[in-house]
Every structure is written in structure tokens, then in C-alpha cells.
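Each of the next two complexes has chain A plus one other chain: chain B in the first, chain C in the second.
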Partner chain A sequence: MSAVLKGGPTLRAGRGRRLRVRASAAVLVAVLAAVLLVPLLFPLDEQAVDMANKLHAPSAAHPFGTDDVGRDVLLRCVYGLRVSLLVGVVAALAATVIGTAVGAAAGAAGGRTDRMVMRVVDVFSSVPHLLLGIFIVAMFRPGVWPVVASVGLTHWLSTARIVRAEMLSLRSRDFVDAAVSGGASRWRVAVRHLLPGVLPQAGLAAVLMVPHAIWHESALSFLGLGLPTHRASLGNMIQSARGTLLAGDWWPTLFPGLFLIIPTLAIASLAGVWRERINPRRRSELML
Partner chain B sequence: MTADPHPALELSGITAGYERRAPVLRDVSLTVHGSEAVGLLGPSGCGKSTLAKVAALLHRPYAGTVRLGGEPARGWRHRAPRAQRTAVGVVFQQPRLAADPRLTLAALIAEPLRATGRGREATERVRELADAVGLGGDLLDRRPHEVSDGQLQRACVARALVLRPRVLVCDEMTAMLDASTTAALVTVVEDYRQRSGAALLAVGHDRTLLERWCDRTVELAGAGGGTDGEEVRSAPRAPADTSAG
Partner chain C sequence: MLRLPTLRPWGRLPAGGWGSRLPKHSNAERARWGAVMRMVGRRLMAAVPILAAVTFGVFAVAAASPFDPVQQYAGAAGLSASQETLDQLRSNLDVDGPFTQRWWDWLTGALSGDLGDSTSLRQPVSQVIGERLGWSVLLCAVGFAFAVLVGTALGVAAARRKGGLLDRTVTSLAYTLEAAPPFWIGLLGIWLFAVRFDVLPAGGLTDSGSDIVTAGALLRHLALPALVLGLSQVPWFLLYVRQGVADALEEDAVRGARARGLAERTVLLQHALRSGLLPLLTLVGSRVPELITGALLVETVFSWPGIASVTVKAATATDFPLLAALTTLATVAVLGGNLLSDLLYGLADPRVALEEM
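Then we have the complex of A and B:
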């Protein structure tokens, strides 16, 4: 009886998690299929306008309606998501590589090097990272790569902290002592014994950063600092649709918003399940 | 033996611990001669393992010197010259923690050879040592999580012997093991010691085992705030033939 009572909620939680994983995976497969296939089937002329068809409500011809210069919102959403995913994935990877290198160097070296590196990390962390990101994009002409640089160069700090902490905890294990006693150099201990141990955490940090980086791209574009305004990007679309929202035309804002929220939730949800598997004691929380 | 001018391992005036104001060990001295086996006994928390780590140049003491074959230790951990570091083989209490979970047992045993640029000898040495510690063929291809504690500790003993150390430090080597594995590993260590003339420092709290295994035993008292390593007890020699030294 007590076993049944104990088993009940856990089983239900397990089923809920399976459902969440499947739903998230389905969303991501659909997203990937859309961003890979749609541009092949429906090329988009980013400069084209069609003033005769401006601000049509969703219909069979335009399922998501048209925007204030008559462009199809659905098509632009898919193209926008493509840019966002590209920026998100590349920026998250760049940030993870930098963060892992810095954190691993600090954690493996220890002592004074560690303290110095981590003080630098603290200094960078004390500046709001969106501000720092704006500073970086402002130095270049608008485009995809300045946005990637802006997000990548401001988001390695947390990964560096995670990797360093993990390295420090691994460093005190007996197998590291055994390696030192077996004549391994510092480099060998770091690369062969410590780094492989922190890669799952670093990989998780990278995945969790993808949604965050996507939001940053949108935020920068929304502020007018990210991609050129004619580029179909989710941030640009929401920015240019602000005025029409007040006039009661909800579709040019709602659909890009959903395209931003749903895939990022799916990625974050899968990453949360991954985190529970790596570290079952810590409950997963969404980090957006 | 006491006349030996260059004992294999000589710890003198060691004060060590993890907090400078409250060291675990205070002014401890201990000498182990070549081909001698010394058992280090004491209650938990008295600093046995710390002393073992100091002897293996893995933990820097606050004061005192360590000499290996008469030569003072010139650093600790990575600062110790590789030749000094590898002159001491270490076996740890918990094989799970002492084995890198990503290496197969064969790679685990060969790791010190690869780390010191002698990877070419690996295949042959691994086969030789695996035979000696009793690890059968397919076990060598498994990873630590696929073998038992006893099998893993056999691999760890093989790893400690692979560079032919002149001093072997066994820190509670058999605490996690059943009687037959304990007997097998003690035999492996004794064989090595008799063939190579290496010194052995066996740390543990199993008085019966250490008194039968070692030439003499030394006790660390567990007094609060520090320990004096007086050699309070000398046990009879083990029945094994250790007169060669």
C-alpha cells in the first residue's frame, strides 16, 4: 500500500517528463525542418513590398496575415527563426568555448592564477551584459556577425564559473593524486583527466545558452542595433510591428512572439531534462 | 638495517594538515628502509592518510623534510621532479575514487607509462601486471563502473607498480575488500617487495593484518590537536621470508 502511495506521484512525474520531452523534441524537429526546407521551397525577397496587401488579417492566402508593408508574416517568421537559431547556436558555442577555456585554465592552475582570472571574471560580470553587448555591436556595421560576437563575448562568464568550480572539485579527487604520482604533467592532468569530466556540464551550459542568445539577438534587433532593418529577424519584426499593435492589428506582433517563445521553451525544457540526468539532486529550472 | 645511511623513505619533523593553526600531524618522524615493511596504525582522523600523502609528495607539509633514498624532496605535487614523484607508488583506500571513470582498466594501468613517455612498453607491462594481480582477459577492456571494487583495486595496485617504484605507500589498501582479495593483493605487494627490494609503508587500522604483514608497526595516537609519531610498538616479523633486506 505504502509502495503504491510512494510510487504514484513519481510515476506520474515520470510520465509528465516523457510527455514534455516528446513535445519539445517534436517542436524542435518541426522547427529544424521548417528553417531548412522552407527557404528552398519559398525564396524570400527581403526588400519586396506589396502595399496593396498591407495589414491583411490571417487568411487562407496568408495564414499569419501580412505586415504594414504587405509582406507575408508566416514566411518572414520562418526566415527570422532561421537567423535567430543561427545566431543563437553560433554565439552559444563561441561563449562555451571561451568560458570552458578560461574556467579550465583557472581551475587547473589554481592558486594565484585562479584568483586573478576569477577577479577579471567578476569585473566583467559586474557590468550589465546587455550594456556590454550593445557597446560591442555599436562598434560594427549592423549584421549577423557583430551580433554573434556581442552575445558570445558577453556570455562566457557563467560557463567559466561552472567549469572552474567543476574542475576544482575534480582536482581534489584521488584519481588526480594518482595521476600526479604516476608522473603526469599539469597539462596531461588537465586535458586527460579533468577536462573530460567537465564537458557534460559545459555542453549543458551551451544548450541552455541557445535560447538566451536567441533572446539577445531579438533584444538587440528590437533596439535597432542588431540586424539591418530589412532583414527578416524576429526582433526586427516585433520592433516594426509595435505601431500596428496599437491600431488593433495583433498578428504582426503575436506570431513572431510565439516563434520566439515556443522553440526557446522547447530547447530549455530538453536541457532541463538533461540537467536532471547529470545532476539529479538539483531540480531543473528554466534559464532563459 | 639501522646503519643504512640512505633509507628509502625518511620523514623527519613533519607538521602537516589542512589548516596552519591546527595541523593534524605535529613533528612526526618515520623512517622506512629498503625492503622493509612498516605498518602505520591509528584511529580514524589521526592523520595516517595525510602522512601517506606527504610521503608520496602529494601534500605539502608546513614543516619537516622528506628524503627519498637520502635525497631531500625538492617540491610537492607537480613541483616535485618527475623522477622523485614516480619513485613512490601509491594505492588509495577507495578504488572508485582513485580510478578515472573514463579509462578502461588496461588504460588505467598503462597511464603512468604513457604519462612518462614510455607508452611503447605499455602492452607488455600491462599483460605482465594483469597476470600478477589476477585480472583476466576481458576485464581489462572494461571501465571502472563495469567491475567490482576488488577488481578495480587490483588494477590500482597494478598501476602503482607499473613504474617499479622504490617505495610503495598503501593507504588503507584493503579496507573496502573481502578477505580473499585482501590476501591476493597483499601477496602481490609482498612479491614485488621481495623481488625489487622496495620499501613499503602500509597504512591502516586493521592491527591484526598489519602486524602479520609488516616487519614492524608504528602507531599514530589520535590525541586532539596533533600527533606525535613515536614508534610505540614493534610487532614480530611476518611469517613470510623477509630476511633478504
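Then we have the complex of A and C:
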């Protein structure tokens, strides 16, 4: 997943690139409009069952078919995406806040604090993310917050590394020397001079974290360890469609997966452009 | 001994393999191996505090959680049992001290091979792991081998003409595949191969009605999970090979090979691929976390009887002793993979200063 989440392919300049950026922006606008407007226009009762219409193949009336209790798969996908996005954004923010705080503290303090913090980062990165996430939810589930905590506590590492590196490079700049010789305290230098400089990087990291968080949440939900089923996310939907899949009905499985992939690619592609804008020199063909 | 940089650092490798450009049994080679061994020793020493910290963290999280092993053990009877009985049970289960004490007891027990008993499977944790580890290693090895082969083939093909139709198709597919959750790919694979065409089993290890693992049945049951796990690892490998080979094609060494009139095939496979693949091989060990993540999902989808699927079961049943041991085992695997990476790196490229690693 990492390749996509660090911003996808850096697109070549020219027509193809513009087209892709526009397509990605259009997808994201459509996704946001759908998750905000559809619940207002087409209320879905998660509990409502309509057994007369169960497991209809995709048709004009139900473009994505119906599930094993007769609910429209398209409508459920939009609702699932809404839950996935909401949890993803909150969890990504949590991870970014932790990462920025830790990275900024390490970068601004330097010395022994920095070394100690980096050892902690080493310890965290020695456990596979999903496994650590599974352990955390296993101990605190069920509920939404354990999932958010699971993502937040496992995904702050990259942000912390980026913010720390940025802090260290800012520290050697002249304006920081000027502030220090002007008598600014260590705290003031960190908060007024260093932190604003790393915020664009942290913001980019947060945006790129959203697909990662959604991915993590849907994996947990698929494993039956994530969100409660009355708040079905796309991962819950894929999990609950397993039975119908073995009977040959593919649509309740296929479409939620597509709903996971398409916004991920759109976010990655737009974030790639943003990254180039704030890091013009670090432009590279491959970001993994 | 002063080593001058050559124009073709890895263009042609000696028959004896990487790092053996030094004459056999020379003092310099012996010194190199000594440095490698010292690095391994340093890494093993560094792993000790990391493992201690990870296990400590695991016990701390459990202590902070609302989960109570006594209530879990007693089940419904725990609701009506007297406080005295519960306290007795607490001390019988060895969960009465502060968590630091339990962590220390667990750690000393683990060093002598006693990892406690799984609460959900009612058997020793070491036995659970022993029975399943082999299946997981088999699945991961086959899946990873598939990813390496397919990733290399497609990566070289894409790098040949960067920006061409093939390159754009392969790269887009790789990014899409990278964004697709492996469990979803696995389910679609089950639908296609097991339900629609009925050529491969949907999961498990043996045919229904049989408990004996035969080579033929194993192969058929392994094919689909290994394919899906492999597919989830292909994009990373492919994109790295593509980048490595494309960069290598720009190198003077490769341009020189072209200028000497060597066949395109020779240039690509003997020069560019070797040069482009070397940095990649050293990264292989660092893929262990992603492989474990993939195995957690793929083994669950296919009911593969490995340690990854049992991890998920342990989490569902809040089986703390099993989870703690499996988390530690995964950490050992990750650290081992990192060490392997550094080792390959040090052996492959004699210019690397091992003393700094």
C-alpha cells in the first residue's frame, strides 16, 4: 500500500497529467457530494429488509444489484464509504497530530530527547502495523474509538520522521539563528519559527494518511475486529458478503472494493501534485 | 587497501558471487567476514532492548484495557462467583501482581520456552505456534517467490521503454493493485477459481472429508492463497525493479555495453538488470512487515491453518497469551528481516562500511 499512499506515480508533465489531475479532482468532488448529499436524499434504513428483492443481479433499477436481505448495494456502498471516510479522516488526523507532536519535539529538542524519541520510533516500527493494530483493537473493542486509536497509534511513525527531518533542516537556517541571537526562548523558537515551517509537510502527510487509515480500518472490519456491524463500513460490507459470494453472487463483494480503490487512487494522485509543489527539488519518479 | 571506484561497479559480477571479488581466503576477505560478523553481533545486541520494549508495551496495553482474564476464564460463572473465589482464581491464573511483574515472569518463562497457555485453544502457546508456523512460512515463501519473479519480469519489461504503452499499463495496474485490499482480491479469486470455474478449492488445506495432507491436495490448496499473497507484494517489487533498471540503463556501464554492440537482450539482462536488482535484493528483508500484513488477511480469507489466521482468531477471542507470543514472534521476524537486508547489503557491496551499520 505504501507506494500509493506516498503520493502515487509522479505524473509526467503535459496533457496526460492534466487529464489525470482533473479526473482525480472530479472523482473526489463526486465522492464528497455523494457521501454528503445521498443520505439526505435517499435515507437508508440499515435494518430494513426486503426479502422479495434479495440478491438481484445488477440491473437498471439496482445498478449494483441487491444484497442478501434485499438492500440496494449502490446505496449501501455510498453509506459504507461515508463511514469509512469519516473514520479514516478522524484516524488520519489522530495519527498526524501524534506524529507531528513527537517529530516536532524530537527535532526541536535535539540531543538526548531526540535520540530517545527515535529509539521509540524504532520500537514501534519493529511490529507490523496491522498486527499491532489488531492487538490494540482486540484489547479495547468493540467500538469506533478503538479503531481510531488503532490507526492513530500505528501510523504516526512516518509523519514523525518527516516532521523531525524538516525541523532539523529548518534549525540550521539563518532566521532561526537570528531569533536565537535575538533572545527568543527555545520554546518560542520551536513554536513560532520552526512549527509553521513544518505544517505544509504535516498537512500533506495527513492527506496521504487518509487512504492508509481507510485501508487499515477496512482490514480490521473485514477481520471482524473493526467497526460494529450497525455502522457498516466498506470493510464490514465485504465481510458480510462472503456467504453470498460462495453461492456465486459477486456483486455485493465487488462494488464495495471498487469504492475503496477509486478514492484512494484519486487522493494519491492529487497529493502527488501537492508534494511536488512543496518539495520541488525532491521530485522523483518513484516514491515508495 | 584502497579501492578505487570503477566505472562498472556491479556490471559484471565474479563467479563466486557478491563480495568475493577479493581473492579467496585473503586477509582482506577474512577481515570483511569479521566485520560482517561483528555487525551481526551488534544487531543482535540491539534487538534485545527492542524486544524487551515491545513485550513490555504489549503487557502495558493489556493492563490499561478493560479486558479481565479472570472474567474471561470464569465466563458466565464469574458473574455469580464470590469475590473470594475470583481472587483465588486470579492468583491461580498468575494474573494478580502488577503488570510489570507479570511481564517479567512471562519474559523469563519465554526464555526457557514456556509461553503460557492459549485461553481460546486450551493448549500451550508454543504448541500452537509449532503446529502452524511451517504452513505460514510455506505460504509466505511461495507467495514472495511469485512476487519476485512476476515483479522482475514486468519491471524489466516496463523499464525497457519508459513512458511507452506497456510501461504505462503495467505501472497503472501496479498502483491500482497496491490500493486494492488483499482480502478483496482473495475473495474475487475465490469467486473466479472456486465458484465460477471450480478449478481450485476455496480454502483450507485438505479436501473435504479428509484430514491427511497429500502433496497434490496441498499444491491445489496452496495455489490460490499464494497467488493472492504474491499479487499483494508484486506492485512494490515491480515499481522498484522498473526504477532500478531504468536508472541502470542510463549508467555509463550500460551505455558502454550498448556501444560495444552487445545484443539488447544481453545489455538488459546481464548489465542493467544486475545493476538495477542489487539495491533491491538488499531491501527484500525489509518487506517482512508487509508480508505479515498480507498473510494476516490472506490466511483468514482462505482459512489457511497458519499462525497469521490464528492471530486473528486469538484477537477475536481476546486470547492474550497467544496474542502476546505472536506479536513478539512477528517482531523477531521483522528484526531478522532487517538484519538479513543489512547482511546482504554488506556482502553484496564491498564499498559499504560495515562499522557504521
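Assume the second predicted complex is superposed on the first by the 263 of 288 C-alpha atoms of A that agree within 3 Å, B and C clash if a C-alpha of one lies under 4 Å from a C-alpha of the other, contacts with A are read in each partner's own complex, and residues count from 1 in each chain.
By definition in this document, contacts are C-beta pairs under 8 Å (C-beta built on N, C-alpha and C of every residue); 3 or more make two chains touch, one makes a residue touch a chain.
Model, not experiment: these values are computed from the prediction.
*Asks:* Looking at the overlay, what does A:Phe175 touch: chain B (first), chain C (second), both, or neither?
*Replies:* first
*Asks:* Classify the contacts of A:Ala268 with the two partner chains as first (chain B alone), second (chain C alone), both, or neither.
*Replies:* A:Ala268: touches chain C, not chain B.
*Asks:* In the superposed arrangement, does A:Arg186 touch chain B (first), chain C (second), both or neither?
*Replies:* Once the two structures are laid over each other on A, A:Arg186 reaches chain B alone.
*Asks:* Touch test for A:Val21: chain B only (first), chain C only (second), both, or neither?
*Replies:* After superposition on chain A, A:Val21 lies in contact with neither partner.
*Asks:* Looking at the overlay, does A:Pro196 come into contact with chain B only (first), chain C only (second), both, or neither?
*Replies:* It touches chain B, and chain C stays clear.
*Asks:* Return first, second, both or neither, reflecting whether A:Gly257 touches chain B, chain C, both chains, or no partner chain.
*Replies:* Once the two structures are laid over each other on A, A:Gly257 reaches chain C alone.
*Asks:* Counting residues of chain A in contact, which comes out ahead: chain B or chain C?
*Replies:* Counted on chain A, the partner with more touching residues turns out to be C.
*Asks:* Across the two complexes, what residues of chain A are contacted by chain B and by chain C?
*Replies:* Shared contact residues on chain A (touching chain B in one complex, chain C in the other): none at all.
*Asks:* Can you check the complex and tell me which residues of chain C touch chain A?
*Replies:* Counting only chain C, the residues touching chain A are 49-50, 53-54, 57-58, 61-62, 65-67, 163, 171, 174-176, 178-181, 183-184, 187-188, 190-191, 194-196, 202, 235-236, 239-240, 242-243, 246, 288-290, 292-293, 296-297, 300, 311-312, 314-316, 318, 320, 323, 326-327, 330-331, 334-335.
*Asks:* Quick one: in the complex, what on chain A touches chain C?
*Replies:* Touch residues, chain A against chain C: 1-4, 8-9, 12, 119, 122-123, 126-132, 134-140, 211, 215, 218-219, 222-225, 235, 238, 241-242, 245-248, 250, 253-254, 256-257, 260-261, 264-265, 268, 285-286, 288.
*Asks:* Within the complex, which stretch of chain B touches chain A?
*Replies:* Counting only chain B, the residues touching chain A are 53, 56-58, 77-78, 82, 85-86, 88-90, 92, 94, 97-100, 102, 111-112, 115-116, 156, 159, 162-163.
*Asks:* Spell out the part of chain A that touches chain B in their complex, as residue ranges.
*Replies:* 173-175, 177-186, 188-189, 192-193, 196-197
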